[in-house]
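Next, two complexes with chain A in common: one pairs it with chain B, the other with chain C.
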Partner chain A sequence: MIEVSDIRKRYRRKNVLNGISFKAEKGRITSLIGLNGAGKSTILKAIMGLTPVDGGSIRIGGQPLSPEIYHTIAFVPDRLTLPGSMKLRDGLQLMSDFYPRWNAEKAEDLMSFFRLERGERIGRLSKGTAAKFNLVLGMAQDVDYVLMDEPFSGIDLFSRERIAEVFTSQLVEDRGVLITTHEIGDIEHLVDRAVMLDQGHVIRDFDCEEMRSDHGKSIIDVMREVYRT
Partner chain B sequence: MKTYLKLVHLEIYRFRLVLLGLMAMTSAIQLIGLQLAMRDRLQAIRGQLTREGLSLAQYAERYNGIPLGEIWSHRESWMTFPIVICIGGIGLYIFLIWYRDWFGRSAFVYRLLMLPHSRFLLYVSKFTALMTFVFSLFALQIGIVAVQMTMYRLRMPDELRVPRTLVDTIRGMDLVLFIPVRLHEFLLVYGFGSVFVLLLFTTILMERSYRFKGLLAGLAYTAGTLMLVAWMWAQAERGTALLYPSELLAAAIALMLLNAALSLWLGRWLLRTKVAA
Partner chain C sequence: MAGEEEWPEAAFNSRDPVYLQVVKQFKEMIATGRLRGGQTVPSRRELASRMKINPNTAQKAYKEMEDQNLIVTEGNSPSHITTDADVLRKIRSELLGEAVEAFVESVRRLEAPVEELVELVREKYGRPSAAADNNHDGAGGGQR
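On to the complex of A and B.
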């Protein structure tokens, strides 16, 4: 389980995170939802140790953050994380060199699924293709948790559908997925838990199935309630 | 260890074209430069022989031979210009080796900081790669001087040739600062240079952690250390200090070693807890 407890962060004289707490369980898809500037990406970066926090704690599988933890968690950020001069095949080689839990077979399957050319240069990829390749880099690791930051942002309909298919595949089964997205419609039916944020605070944290059965509301219904008032 | 070597390989691979370019440029300019310098010098000598009606043997007797280091005369910049460019290129790359990972379309720094290994390996691998570039150019420079000695042997008439060893030739060409020929000189020049690189690396990480304030603090610390060492050096040269020159030198070395340890420790801590992608 990823446990985020009371994390706080101040950046450029502004409180970006004001005591954020939530849990993301293994085997479930948890979505961080919020308007621009709500702190979604900062939370993911804090979990990955890419940005220091001023207070609070983050534990993964009960352990505090350490280099060893990165064996159990992968991050799919909203930008490319390999040099543009590299070819896709070099990128895969780099992952295989540095990540002991890299699964080359799974990477190969994903490359074929997304129809990616190994000889293409990373710097020349379109936004949609780059997002798919980013997903390959994250999903081909045999890890317990995958964090995804806006995997559908600025991507055409067909690419979005292709990416959404990954969420229904075995690639996600048994893993804990923590995802931020504006395009909640693409994966609303797949999300197990929703954590809604506003100005660095958690304002709603609920089980989506319970919300549907007990209150007859979808995530988008709750979003309308929360963000329109 | 395996990860460290892979990271070093990655850094060297990423700079390989620039390094090879610098090497090719240095070799071409210095070898062509020597060729032109020898041609000019021999033309001048032949002219003088004709004017004064001398033979080569008589000329050598009157004016002595011409060692390799003295051929250059006004073409000395052909030797020093590539060295300055290499120093400038490596100096610039001290910063780029870090900043190139942060800026640009892709944020490679995300990937590097997320590697499931100690982040300190990034620091030491970048440092190792940078020192590998320095010593590659250093070794190349020695190789070029050796080739120049062969060119000199082939081109220069026997009467004018002054046979010298490689070490004496390097001394004669005023390359001693870049290629120290005594072990203690080598250790001093490259040891101090290495500590300077460590100070700058940590300054960069302070900037990446605390932005402008970190940059100012890092630069002030680096400048302060260098000024202190320069002052100690000057005292030793003048012989006016309370300590003997050898004691001042020992103190300067101790100071630099302390700074190296502090830079490594601080760099490790910043990478682990403060650096933001």
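On to the complex of A and C.
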């Protein structure tokens, strides 16, 4: 389980995170939902140790953050970070060279699932195709947790549908997936837990199936309640 | 009868629990004979990818179906649809009951007389044999 407790961050005289607490369990898909600027990406970066926090704690599988812990997490940032001059094939090689939990077989499966061409250059990929390759790099690692920052943002409908299918496969089984999004529509049916953020606060945190059965509300219904005021 | 490829790709509504919508799909397939008593059901994993749902949801749907005695799991063999004739019969009447209830709910607001409704249903429903069958249920229910 990823356990975020009361994390705080101030940046340029502005409070970005005001005591954020939530849990992302293994075997479940947890979504951090919020409008732009709510602090979603900052939280993922804090979990990955990519940005310092001013208070609070983050534990993964009960352990505090440490270099070893990061072998159990993969991070899919909001855009590809490999150099554009690289071919996809070289990107996969780089992953296999530097990531001990890289699983070439899984990568193979994902490459064909997304119909990606190894000979293509990263810099020449369309936005949708780049998003798919970005996902391959994260999902092909044998890790317990996968964090994804806005995997659906700014890409075409069919790419979004294809990517959403990953969440129905064994690739997400027994793993904790934490995904940020501001448009839940693509994965409304796939998310187990929703954590809604506003201005650096957690304003709602609920089990999506329970919300439907107890209140007859979709995630979007709850979003309307909390964000449209 | 139901080839494995014929598994429907469900369009889910976003306000009812997804696992219950999956259970309902199964009931409809049973009621219409696309799934028969004793037939093996897909593994949880297969179901998730066929219906494009989260594997947890598939798990929860199967759990619910086990609780409702719709599917049976014995030892290590794959789960299958129950052969209990009583359970199977009830599925059909349950689905029909729910559908009629929803229909009645929505026409009640229009305060239409029952005879008019029955006439309209018969007309719209079309197929003579099905309409005749329906006649019993519809008229019987309407006069109470």
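One rule holds for everything that comes next: the second predicted complex is superposed on the first by the 229 of 229 C-alpha atoms of A that agree within 3 Å, B and C clash if a C-alpha of one lies under 4 Å from a C-alpha of the other, contacts with A are read in each partner's own complex, and residues count from 1 in each chain.
The definition used in the following text is that contacts are C-beta pairs under 8 Å (C-beta built on N, C-alpha and C of every residue); 3 or more make two chains touch, one makes a residue touch a chain.
Just so we're clear, the structure is a prediction, and the values are computed from it rather than from any experiment.
Trainee: Scan A:Gly49 for contacts with chain B and chain C and give back first, second, both or neither.
Mentor: A:Gly49 contacts chain B only, not chain C.
Trainee: Have a look at where A:Lys217 lands relative to chain B and chain C in the superposition and call it first, second, both or neither.
Mentor: After superposing on A, A:Lys217 lies in contact with chain C but is clear of chain B.
Trainee: Quick check on the superposed pair: does A:Leu35 touch chain B, chain C, both, or neither? Answer first, second, both or neither.
Mentor: neither
Trainee: Thinking of the overlay built on chain A, is A:His189 touched by chain B (first), by chain C (second), by both, or by neither?
Mentor: In the superposed model, A:His189 contacts chain C only, not chain B.
Trainee: Classify the contacts of A:Ala104 with the two partner chains as first (chain B alone), second (chain C alone), both, or neither.
Mentor: So A:Ala104 meets neither chain B nor chain C here.
Trainee: First (chain B), second (chain C), both or neither: which does A:Arg79 touch?
Mentor: Only chain B; A:Arg79 stays clear of chain C.
Trainee: Could you pull out which chain A residues touch chain C in their complex?
Mentor: Those residues of chain A that touch chain C are 27-29, 164-165, 167-170, 172-173, 188-192, 209, 212-213, 216-221.
Trainee: Could you pull out which chain B residues touch chain A in their complex?
Mentor: 3, 6, 10, 14, 104-108, 110-111, 113-119, 209, 273-277
Trainee: Per the contact definition, I'd like the list of chain A residues that touch chain B in the complex.
Mentor: Contacts found on chain A: 45, 48-52, 67-71, 75, 77, 79-85, 94, 97-101, 122-123.
Trainee: Which chain C residues qualify as touching chain A in the complex?
Mentor: Result: residues 12, 14-20, 45, 48-49, 51-57, 60 of chain C touch chain A.
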